[in-house]
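Got some structures for you, see below.
Below, chain A partners chain B and then partners chain C, in two separate complexes.
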Partner chain A sequence: MADVTDSYRPDRMAGFSRTQWAQVLVGVAVVLTVLQYTGLLPAAFHRLPEELVPNFAGWLDAIFNFVKDDLGLLALTRLLTEGLQWLLDVTANLLFGKRRWPNIGPIPWTAVAAVAGVVGYYLGGWRMALLGAGTFIWTALIGQWTIAMETMSVLVVAAPLAFFIGLGFGILAWRKPWVNRAIKPVLSVLQTLPFFTYLLPAVIFFKVGPTAGAVATTIYAIPPMILMTTLGLQKVSPEVVEAGNMSGCTRWQLLRHVYLPSARTEILVGVNQVIMLCLAMVVLTAFIGMPGLGAKLLAMMGSFKLGRSFEIGITIVLLAVMLDRMSKAWVVKQPEHFEKGTPWWKKHFMLLLGVGLFLFFVLLSQFVPEAQALGRRQNFSQGKELDNLIKGFLNIDVVKATTGFLRAFVNVQILIPFRNFMLSIPTPAFILLVIAFALWLGGKKQAVYAGVFFSLVALSGWWDRSVITLYSVISAVVIAMMIGLPLGIVAARTEKWSKRILLVCDTAQTFPSFVYLIPAIMLFGITDIAVIFSILIFAMVPLTRYTIEGLRTVPVEMTEAADMAGATRMQKLWKVQLPLALPTMAVGFNQAIMFAFFMVIIAAFIGTQDLGQELQRTLAGTDMGKNFVLGICVALMALTFDLTILKWASDQKKKLGLGD
Partner chain B sequence: MNKFTTALSAGVVALMPMAAFAEDSSDPIVIPIHNWSSQIVMSHVVGQIFESMGNNVEFVTTDSQAVYESVRLGDVALELEVWEGAFGASFRAALEKGGLHDAGDHDAVTREDWWYPMWTKDACPGLPSWEALNDCAAVFATAETGDKGRYLDGPVDWLKHGQERVEALGMDFVVVNAGSAAALWAEIGAAEADKKPVVVFNWTPNFAEAVWPGEFVEFPEWVEGCDKDPAVGPNPDALYDCGNPAKGYLKKAAWDGMKDKWPAAYDVLTKISFTNPQIAEMAKFVDVDEMEPEEAAEAWLEQNPEVWQGWTGS
Partner chain C sequence: MTANTVISCKNVWKIFGNNPEAYLSKMPDGHSFDDIRKDGYIAGVKDVSIEVSRGEMLVIMGLSGSGKSTLVRCFSRLHDITGGTIEVEGQDIMSLSEKELIDLRRNKMGMVFQSFGLLPHRTVLDNVAFPLEMRGQDKHERRARALEVVKLVGLEGREDYFPRELSGGQQQRVGIARSLAIEPDIWFLDEPFSALDPLIRREMQDEFLRLQELLGKTIVFITHDFDEALRLADRIAIMKDGAVEQCDTPDQIVLNPATEYVRKFTEEIDKARVVHAGVLAKADLKATGDPVDAKASVQDLARLLVQDKRKTIPVARDGAVIGGMDRAEALEILLEAG
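Showing the complex of A and B:
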């Protein structure tokens, strides 16, 4: 396989342009495919023969076992587990009263809600206070307090861990260029690696349960923190550093008092990212025994309780939105400065208020049991009613007719033939097509990467499943574009609608995707269309978001110039706004593909024949090698698109003179 | 709950001649819970019995296949629902590696096979015979399967051999694999509204029986060796040409170290035995009556003292 791609790899010769070379590659691919259809192509060219597939999984297993047992990594990590376990026990005791040292918990829900309210007020005024306190009051009233605190007890350990590790690596990468160079590709792979690949090693090395959950969450959340830290530190202006040097700072002082405060904004954006990624892992880590909201959600879905799982979804969204808004407010908020001589209590009024309210509610809960905890019978869960509502909606005739039509037409006439066609393309031809795409859009370097990456996928022996994964991703992204782009264009016309749609995007992104898998199945049955529908919702978010942002940031002078030239609205849109917004939209398109690769793995829950299903299967065992190979296949495919599209976007930006 | 536990402990203390065992360790007995209701409630029932004996108990959510590895290593102390069909293979594999052992069977029997909700019988009156099912295969057709019927099998990794059986018995069915148990319920739930006939993989004891009454399809009866020897079963050239065993076991498994660390609790564990109706009742508390698992366990203990006091009282 490798030599087929090698011989067609483009170089500078013959004076062909990139596009022409891409056309040649497509031509060869078409010839190969036609040969396949006429039955002239030897079987070995259609699919790599089984006996040529190297035993990557076996080799990896051997390496893992060597590192794990012979080098004693397992002993080390089990030691770390003890430490982590101790930390988690402390937070677990405080938040939901697990019987462990210091044995003083659980903190009453009223106290937590009050403190959240005060923090919210401090960061962003009344609305934020309402959001902070309201989230916790909702959680308690709906009867999810304990499980939500089980989740939080892990997050309050995992998020700071990810923050400090990320910060440390970020500083290191900024100081030492070689670290930066070494770390970049690792981060790209980490960001595209499916989460199921993080989970299994976490279980093996850190014991099933909250410890493994905390580790997987931490690892998942680290990459953006590193990137943002490095970015922030690189942007610190030399003048500030000069000033620091002149006042005689030591290297540590310079870092602590000059660099880090100057990079504050970027670092806090990193914090925001860490929090969001931690929350994204809440449900997924339930697969490896993490208790809390995720585990409950899976149990609810396992007994077909749509309403209750929907409520859990809302709690997760509220938590996410609250933490997101608060950390963003923190980014914007500048450190306060007081006049000399302000009394101590006035400077720390908010802190004192928070502590005061906390103590008040802790005391109160000694006398009023409702302030301590709400029992199941006191809560306001509307699970049954929601169940009926959802089932009622799915049972409306119009809905049923629409889904029936989609299933009979889109699924049978379009999706399934498309999948079969993709599967019928011979492997070398497929690789050539991908190379042609990368060459045409990106450039020579991207084409080389595409060739190498997809050849590796072919060598992994999971080609058919990889193609099916790719098919789901492509179909979903294409449909998402047909819906998401017009939606973004229309919404971008007015400020009001932009805001509304962006809020919907935020919600859709944090709402645990598992919740809408069940309605998707009920609508479409266990079919490709249910799978694609569930990916679609997720992939549409970045497309719409970046379209709105791209269009709204088109310089006013440009649109005004168009108006003056007497352009109609349509002309303005097509000739001025869209071309200028295109690079930003391309970033959204890229994210859509990344999200789709993420979601396609989750969709294995519905029932697919792709890599996700195999990955899910490996979770139950100890098959680390296979798990890793599958994960890398997904990462390689995602990276190919990532590299190519981002290159194109930055080229376009340069062409338009929009800068970075 | 506290008042109740106290009363419970008092009762147990009165009933139990204390001298019979060495003292149990005060370390928590870790009980694994999975993602289906009966197992969660049963774990809490047993946990509360242990607590009433003065033990500390903790629960940890784990994967139902991976749990045997954890029992083996002593990360968790026991497993209360070892299904022959679903987990027999993982259990036996762990048994061979050593570290855990069989702590006795429940009275309950388990069965897993092709199943249909009752309304399906209206469209295909010959059921539950499999020949009758095959004769009305067209009733189960969907847009994707053409004129063949569709059978929704469990997730591929449950290894239920639906495809092999369709081939071995020459049935006009297309086998589609669901990705999860939740996906199975969603299909039945979607079919329920207009009573569309469906045939899916299902098992007992299970909450689904309470929500959707139904029956198993009767395939040629299971004969030992049906999965290993083609000659066994109606088709002399094929494996998997019989139904699954109609009376599979439901076992308990224990970590080897449990006997020494918590002798009293271990003794109770070996005596514990639930029946199918008891398990169904536990599941019903949660799935139909919307109780939390802890409360369901309490309620069950309260209503069935004669069952469990026999285990602790000896």
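Showing the complex of A and C:
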């Protein structure tokens, strides 16, 4: 009993429990709102007066200009640009024949597809071979080879770069505790910072075009690599390390021969994440004028050519799935020995086969032009026909009525009133509500963070747009919960459906976020609903996934105990399974919110009135200060939720004795 | 310390916690393990003085958490000790530079680990050759040597396997081969057979004894299994809460337990199997007739002890009589076991 009172005491402040304090805060907020509605609240309490908003953007601009010009950082980055530009030129020449050194490209598509097939077979057998070769064959046949290779040429530079930088920092953070402490908060901000915020500095410091795209992509992909490296190195079994020490390793030998190979799994998981984030980002660099799949998709969606958008979407998805599956297969691939006396060529059969096929197709393309590249009229794109099909489908009365109803009813009756209500809450009342939420779920520390973060947002002068952003996130996540949770609960009932839905979720999670806009625009055109819809499907994935995982990992003894206690299915679900799965589900909920914050910014492309749109506007100019203020607003709001919900989940896990 | 002493440690302390040196220097004498724990520190090794001589097999045993693994890691300086001195071949190992320490490990020490500690990405051969590679030996030389040791531990034909393709027993053979590759003078084994199932364990112990017969190394062997200790040891050190309770030959530990803890520990042991005629022989006792071998255990002599009518029986080592054994005393030990 002593334990219980001890652990509860810190939660009590001035005699009140956390929940009671939260209630008080909510009470004050309600009073403030009521006063606002009755017109008794002074205007200064409703919104921060303009003249009180500090000129963060101006200050940031001044700092940036100082760093850029006076410190000569620009000169340095332009120098780096040269090197990067050279690398990108090489890959551009090899992949799509840009006229630069070494002037030997482009590599024929048949050769690329063949090598992808062999690599696929080596990593994961026939199905992976089919996926590898098939993706590239599709890309060529559909007539998107050049733009796809434009995208790939940046990816093949950015991903290795992100890998090495991430690995380096990861090792450093593992070796030196102070680096780890310094890097942790930076990483969590970086991971919540909207991608638009990466783009503008990249453009300013590294020229428009592939270089800036590559830099933004690299930076975006570094954080998970750092985390996975550190994690992997920490997990190396102490005995293996001691064995290394007793073998007389120097520090460098220990790192090179013992630590890094033993952390192989985590490092390769990091590689997988680097590749997937790079792909997601490289598509988005279309917003700063990087040519490639993203730019084409942006243009097609802008001119409402749904058929072509759909085809490009499939190419992106195929590339994503292929890269994901192959890198994951690499993670689990274990070395195997050859029987004694296996001849040299047999041991390296796959390598020889890959090289052989590559040379064969390169030679073949000298004689057969189709093997080199497919011409404009030779591809099988069905853009026009698909376009008509989709538009025809949308014009069917039933479909039209449904989407029309959703647009009219959900939007006008529910979403807009909700938005207006959120906007009507006075700023201090809003902040109090958020603090109350953080206090109730997380604790004192989280409440302080919430207060500071949201006050900063209020001070930024972008309060209304921030609230609209939050409104989009909340409405989308709520709807996603209404669909995703029941779906997860039902699927979790049987092994078979759990597996199926998890596979769908896994696959969907590898899609670059941009792709989610396609069905949204297809169904709802360019409207608010389309924004919510794209966020909603994006956010539903983690919700469903973690619900299933949470429910499936409830220990069997507990459900058996419930069965023997005579619980009905419903009782078992509500009294046993859900409470135990809740911490895991909370992680999914958290991820859904993070995804939603991410997507809401991208969806600004459709035309919203939130921070995303303002962010997008800054890209056109060189408004770096404003760009950062906006980006940090998004990051602060996202971090508030992140800190609070994860704290609750880990508290809950500890309470249930489920470990961390 | 004689020229024959390989490892000598005096008043060695290993305390875990925040700034343990300062704590140790201020700690009052006679602080017990629990007192130290109350202060927020853990005494891994507590004032241990012990010597290991050349060619000897010292078995350190105790329950888990008794500090036996920590002590061995202090010998090889995998842990830096908090107080006291440890000398290996007359050299204070705490004064060694990083380079000297690496040299020492590369040339003089080998260690075998409980969960093998193999490198998962290397083949059997590459794992065994690893210490040789680390000290920069030529590729062909180290391959030849590694093949030799792999053969010695009976893994011929599996050189190209990866650790995960081997059974537990085979993996530990790789671990043993690796530790022997550099031809160490001192061999540390940290519960090498605990992770194996009983049948394999027995087999590996036989194998180990065969190797020791062949190589004659100085060995520090850790185990929590008393039977194993009795089978292998020249001397046994019993540890509890970081301190050595008793360090002596198996016979002496069974016959004269130094503390209550050791007595309880040895209670269940079949003494007749442990005590040898050599220990019971007293030089001043004269006896006549056929002598018994000093290496024979009381159990081995059971039939003779019961049937022989002599009061004292002569005991001989290597053919020379060293004294007489009181038959009643030996019988007492035999009966106690029954």
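Throughout what follows, the second predicted complex is superposed on the first by the 619 of 660 C-alpha atoms of A that agree within 3 Å, B and C clash if a C-alpha of one lies under 4 Å from a C-alpha of the other, contacts with A are read in each partner's own complex, and residues count from 1 in each chain.
Throughout what follows, contacts are C-beta pairs under 8 Å (C-beta built on N, C-alpha and C of every residue); 3 or more make two chains touch, one makes a residue touch a chain.
Since the structure is predicted, the reported quantities are computational estimates derived from the model, not experimental observations.
K.L.:
In the superposition on chain A, see if there is space for chain B and chain C together, and answer fit or clash.
P.N.:
In the arrangement built by aligning on chain A, the partners chain C and chain B fit side by side.
K.L.:
More residues of chain A are touched by which partner: chain B or chain C?
P.N.:
Counted on chain A, the partner with more touching residues turns out to be B.
K.L.:
Given the touch rule stated above, what does A:V208 touch, chain B (first), chain C (second), both, or neither?
P.N.:
A:V208 sits against chain B, while chain C stays out of touch.
K.L.:
Of the two partner chains, chain B (first) and chain C (second), which one does A:E336 touch, if any: first, second, both, or neither?
P.N.:
In the superposition, A:E336 contacts chain C only.
K.L.:
If we overlay the two complexes on their shared chain A, which of chain B and chain C does A:N180 touch? Say first, second, both or neither.
P.N.:
A:N180 sits against neither chain B nor chain C.
K.L.:
Which partner chains sit in contact with A:G248 here, chain B, chain C, both or neither? Use first/second/both/neither.
P.N.:
Second partner only, chain C.
K.L.:
Which angle, as a multiple of 10 degrees, do chain B and chain C span at the CA centre of chain A?
P.N.:
About 150 degrees between chain B and chain C, seen from chain A.
K.L.:
A:V412 in the overlay: touching chain B, chain C, both, or neither? Say first, second, both or neither.
P.N.:
first
K.L.:
In the overlaid three-chain picture, which partner chain does A:S188 touch, first (chain B) or second (chain C), both, or neither?
P.N.:
A:S188 sits against neither chain B nor chain C.
K.L.:
Going by the contact rule set out at the top, does A:M290 touch chain B (first), chain C (second), both, or neither?
P.N.:
Touch status of A:M290: first partner only.
K.L.:
Please state the minimum Cα-Cα separation between chain B and chain C in the superposed model, rounded to the nearest whole Å.
P.N.:
45
K.L.:
Residues of chain A that sit at the chain B interface in one complex and at the chain C interface in the other, please.
P.N.:
After superposing on chain A, no chain A residue contacts both chain B and chain C.
K.L.:
In their shared complex, at which residues does chain A touch chain C?
P.N.:
Contacts found on chain A: 237, 239-240, 242-250, 253, 257-258, 261-262, 264, 334-338, 340.
K.L.:
So in the complex, which bits of chain A are touching chain B?
P.N.:
Those residues of chain A that touch chain B are 98-99, 143, 203, 207-209, 286-291, 295, 298-299, 301-305, 376, 381, 383-384, 391, 394-395, 404, 407-408, 411-412, 416, 517-518, 521-523, 525-527, 603-608, 613, 616-617, 619-622.
K.L.:
Name, in rising order, each residue of chain C that touches chain A in their complex.
P.N.:
Those residues of chain C that touch chain A are 73, 76, 78, 102-103, 105-107, 109-111, 113-123, 130-131, 133-135, 157, 160-162, 164-165, 175, 178-179, 182, 188.
K.L.:
Help me check something: in the complex, which residues belonging to chain B touch chain A?
P.N.:
28, 35-37, 40, 56, 58-67, 69-70, 75, 90, 142-144, 152, 155-157, 176-183, 185-187, 189-190, 193-194, 207, 211, 286-287, 290-292, 295
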